[in-house]
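Some structures are shown below for you to check.
After this come two complexes, each holding subunit A, first together with subunit B and then together with subunit C.
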Partner chain A sequence: MLLNLNRMGPGRYVLYAIGVLTALFLLLPVVFIAALSFGSSQWLQFPPPGWTLKWYAAIFNDPRWMDSIWTSVKVAFTVMVLSIVLGLPAAFALVRGKFPGRTVLHAFFISPMIVPVIILAIALYAFVLKFGLNGTFIAFVAAHLIIALPFSVICIVNSLEGFDESTEKAAIVCGATKAEAIFRVTLPAIRLGIFSAALFSFLASWDEVVLGIFMASPILQTLPVKMWTTLRQDLTPVIASVSTLLIALTIVIMIITAFLRRRYAR
Partner chain B sequence: MFEAISNNPYRSLRAPRVDLRRLRPALPALIFLFVFMVVPLSSLLLLSVTKPEIGLGNYISLLGDATYGRVLLNTFTIAAIVTLVTLIIAYPVAWLLAILPSRVSQIFFAIILLSMWTNLLARTYGWMVLLQRTGVINRMLMEIGLIHQPLPLINNLVGVTIGMTYIMLPYVILPLHATISGIDPAIMQAAAITGAKPRQIFWHVMLPLSLPGIGAGCMMVFVMALGYYVTPALLGGTANMMLAEMIAQQVQSLLNWGLGSAAAFILLAVTLIFYAIYVRAIGLGRVR
Partner chain C sequence: MSGQAPLVNIRNLVKHFGPVAAVDDVSLQVGEGEFLTFLGSSGSGKTTTLFIVAGFEDPTGGDVEIDGRSVLSVKPNERNIGMVFQRYTLFPHMTVAQNVGFPLMVRRRPKAEIDKAVKDMLDLVQLGAYAGRKPSELSGGQQQRVALARALVYKPRILLMDEPLAALDKRLREDIQQEIRRIHRELGVTILYVTHDQEEALRMSDRIAVFSHGKIAQIGSGADLYERPADAFVAGFIGNSNFLQGSVVQSQQDQVAVRLDDGTVIRGNTRHPIATNARVRLMIRPERLTLTPSNDQHDQSLDVTLSDTTYLGDMLQHEVVTAWQQRITVRTNDHAAAASGNALKLHFASTDVMVFEDSSRATA
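Here is the complex of A and B:
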């Protein structure tokens, strides 16, 4: 009766109220930023005295913002590709390998998720300073790849565990080489897992702030780093417009994944 | 990358034995993590006991000094408050989501995902603007006459709690929802038939049965909150600095690598201890 709405009595209205308030709480900053980004007030007055697109123009006319966006895109794409290149074979080893310490290895691959990112950040900071790599593309990619790799391993391991290896063996018995069997039977079968691995790796890199702060130089910055340094100075409405673009991107990605999930749902 | 197992196509058909060669595909990832994670972390550990001089001086001053002790205390207090507030909000929401018709709960899940996937800085910026002295929340409260002076909602404990609770909510709602949905309604019916009042059923049946979800969610939030940097740095004040912020400050502005790295390893040790408790209680298989 506590798990049935109709028989729960007046208590359910309390639940409804908390539910609605929490939904509003979760939506509040997202909707607020979006509204603010079109407001004309430099001082973030709300409701805005007028409406404008000038904060969006400010991003597109400022080469520093555009450079940081471009850097973020390049870093995230490289991380996404490398995360699959390293994560896919690692997942095969984890799922199919019969060697001692397999669970330890699994835990090791996931460990970057557990270590607080600030610790990874300063450790890498000392490391890249020593080799003069600070502010380089390589430093960003290496740092972001560390935190992207667990997502890749988890997604691919999950889908590989759901794939029956005997299908692949059947292909080999029928005359396919091992490579053919993997590329034409196994990989297509786990493509949804690889796709989610790529998506989460991209997003992990795209959204990463803390590692970026320590890898960046005034010349090379990712978008979150540029937002961070700007935020520490003042709360300009330009950040609202950048944030709104990012929210729009999130919604697009959510729609694509929902669509794919429905299409591939078994 | 699969040449090790492709030499003989029939090899893999035999009964699998302990075979180290199957580890080979994992090597690139292993080497990468070794070079870019294990080596840097080890050299950081070395820094913590060698700078400025060899010994445990950094750890002793961190654990002995009142200023640093305060930071440690703040870190635990804030993490505990955030965990508690998050749980209190998340439980009824997860409960509601478990009993709502799926058409309605689907909308709620979309809202949760939207908030969870929105860029962290964008969300934090939103709260900075909302909570500031001249922000909408203060202005609204003043207009309806609840307050006459703007409340200090930012650069203090209130700001950190609101900002971090906002970020952590999905991490408790989702596992709790899974646990509560998994409770067999027949158990509660049985309690009702044998004469238990709804209040008793909640405290003696439903709440104990949802403990695994509560534990998983709370532990996750607590551990995440301990090491959080961005939100406390932007919404908190200097009076309630947390450990992660202190580490960054020691390394970045004060170039005090020894103390900064020692603080990092205290944070890491605490994180790992709580994580070990979490794994012991829930089992590694169910982590993520």
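Here is the complex of A and C:
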């Protein structure tokens, strides 16, 4: 190894310090918000004067919060499914296809990641308004699909590029039809890429707020939009509780992902 | 093969990729049970020909017949041909047993039959103990043996192998070559084997088709190619060889006398009549040359200087240099010859000298 900790002498403590500080920098806001969510102070006092679960109870007893959570789940799930349904054939075309303009098309599929979200949001808003779709489920899904698709395409393209097409050919020589070869061999072989694509697509929609604000109506809001509008009215510890729930969900998803990867990556 | 209709009949096969002819009028017949190797360097058309037989490439012209029927309109999954690829193509998410059983599963065979066939095939390739492993837990050699079992489990009459051992190291390669030979003998399956390794081709094949620039330069047994190469390309490609330049001074059917650039006249053999004064290349194998002390007076010989000797264990390899500074390699187990000094005589037996007309395809 180029960097050997044991041979660095006292210099290694500098590295330790940098490592710890970076971790603190990343984690402290999370720890802070989690602590506040259990604090009894209504004014987000830190350190909390006492401990309570009432802010969590407030979320579950308030149908507006529950509605927005349910909306977010529905939107994110639909986006996830569509993102795979559209991303998978697109990735096959981009990797396997032999047509002019393939690299241009590839860049085009990635472009929503580069275009500033606010510009996307304004353009979409104008578009959606024209068709009278503002504030609808369809508008949310369409908007989030635009930012989710690049993740899906990138994940699936990468895993498909790492998959040797000879393996699919081998399945065909073995007697499988093209469709059988793809469904029984190619897709299972690249399932980690598809799984990542689904996960990223879900999360891209789940924590999206800018497009959401433009697409939302008073009766249809995703969770981040609800958080945003609540924050603008008053600073309540309920926000801290919602945030903590979101963080917990993310951690659970990450643990499941790590577990599945370890199990299937062999 | 004689009298009996060939199992595979490739007729005037042509394949163009854009303006390039990857396969340029290839015709050959493969007999039932034969082990035929396509030998050639990369880009010689051998793999493209194999892929056309497999059905993964459509030819621009010509035909491939199996059992007297054209298979060009038959989809690759319906040709009932086995194939082992150069790269590892086991299905990564399936166990060894599931991989080997896959061809039978897609054929909707009953489970008991599949289990039995898988077990038999794994025993054949001596991997019975690995049935439950994933491909990633196997070495490269084991993976290719599983691929072989998978290609044979549905008892195809024809097995195509596209450089299956190219990624393996030399020792392992020789082991698996033996195993493929054994399986070929036991099952009597017809094998079309592609390789760029002439040693592998010589060791395994009944016949070898030497590919060059999309054409078959020569087809024949290993001994045919080595002893009676059709042209300088085949002579240079199969085995080690020395080439000398000269022009024909006398020609009588398959016997020619050639004057080398320094005036020495050497007699040799040719497969095709050559006109007097034609520029030719003489080819002679390193192990067919003999060295004696220079005071020895003899026909068919050249004065040379010894420049280097390498000990190869079973043989000595001498590098000698002619008066006009051309290097010639001599292999011998006569340890005495070179001990007499640096000035030596190099002898050519006329039966060992092959004479070819100089052509642009020739390689040194």
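In this section, the second predicted complex is superposed on the first by the 262 of 266 C-alpha atoms of A that agree within 3 Å, B and C clash if a C-alpha of one lies under 4 Å from a C-alpha of the other, contacts with A are read in each partner's own complex, and residues count from 1 in each chain.
Just so it is clear, a contact is a pair of C-beta atoms (placed from the backbone, for glycine too) under 8 Å apart; a residue touches a chain by one contact, two chains touch by 3 or more.
From a predicted model like this one, the values you see are computed outputs, not experimental measurements.
In the superposition on chain A, A:172 contacts both subunit B and subunit C.
Judged by the touch definition given at the top, the superposed model places A:164 against subunit C, while subunit B stays out of reach. Of the two partner chains placed by superposition, A:202 touches none, neither subunit B nor subunit C.
Once the two structures are overlaid, the count of subunit A residues touched is higher for B than for its counterpart among subunit B and subunit C.
In the superposed model, A:55 lies in contact with neither subunit B nor subunit C.
By the touch criterion defined above, A:189 lies against subunit C but remains apart from subunit B after alignment on the C-alpha atoms of chain A. Overlaid on A, the two complexes show subunit B and subunit C touching the same residues of subunit A, namely 169, 172-173, 177-178. The touching residues of subunit A, counted against subunit C in their complex, run 164, 166-167, 169-178, 180-181, 184-185, 188-189, 191, 264, 266. Those residues of subunit C whose C-beta lies close enough to touch subunit A in the complex are 54, 56, 75-83, 85-93, 102-103, 106-107, 134, 136-137, 147, 150-151, 154. For subunit B in complex with subunit A, the touching residues are 1-2, 5-6, 9-10, 12-13, 16-20, 22-26, 28-30, 32-33, 36-37, 39-41, 43-44, 47, 89, 92-93, 95-100, 108, 110-115, 117-130, 132, 134, 136, 139, 166, 169, 180, 183, 185, 188-189, 192, 198, 201-202, 206, 223, 226-230, 234, 244, 247-248, 251-252, 257, 260-261, 264-265, 267-268, 271-272, 275, 284, 287-288. Residues of subunit A touching subunit B in their complex: 1-5, 8-9, 11, 14-16, 18-19, 22-23, 25-30, 32-33, 36, 43-44, 46, 85-87, 89-90, 92-94, 96-100, 103, 105, 107-127, 142-143, 145-146, 149, 153-154, 169, 172-173, 177-179, 182, 203, 207, 209-210, 214, 224, 227-228, 231-232, 235, 239-240, 242-244, 246-247, 250-251, 253-254.
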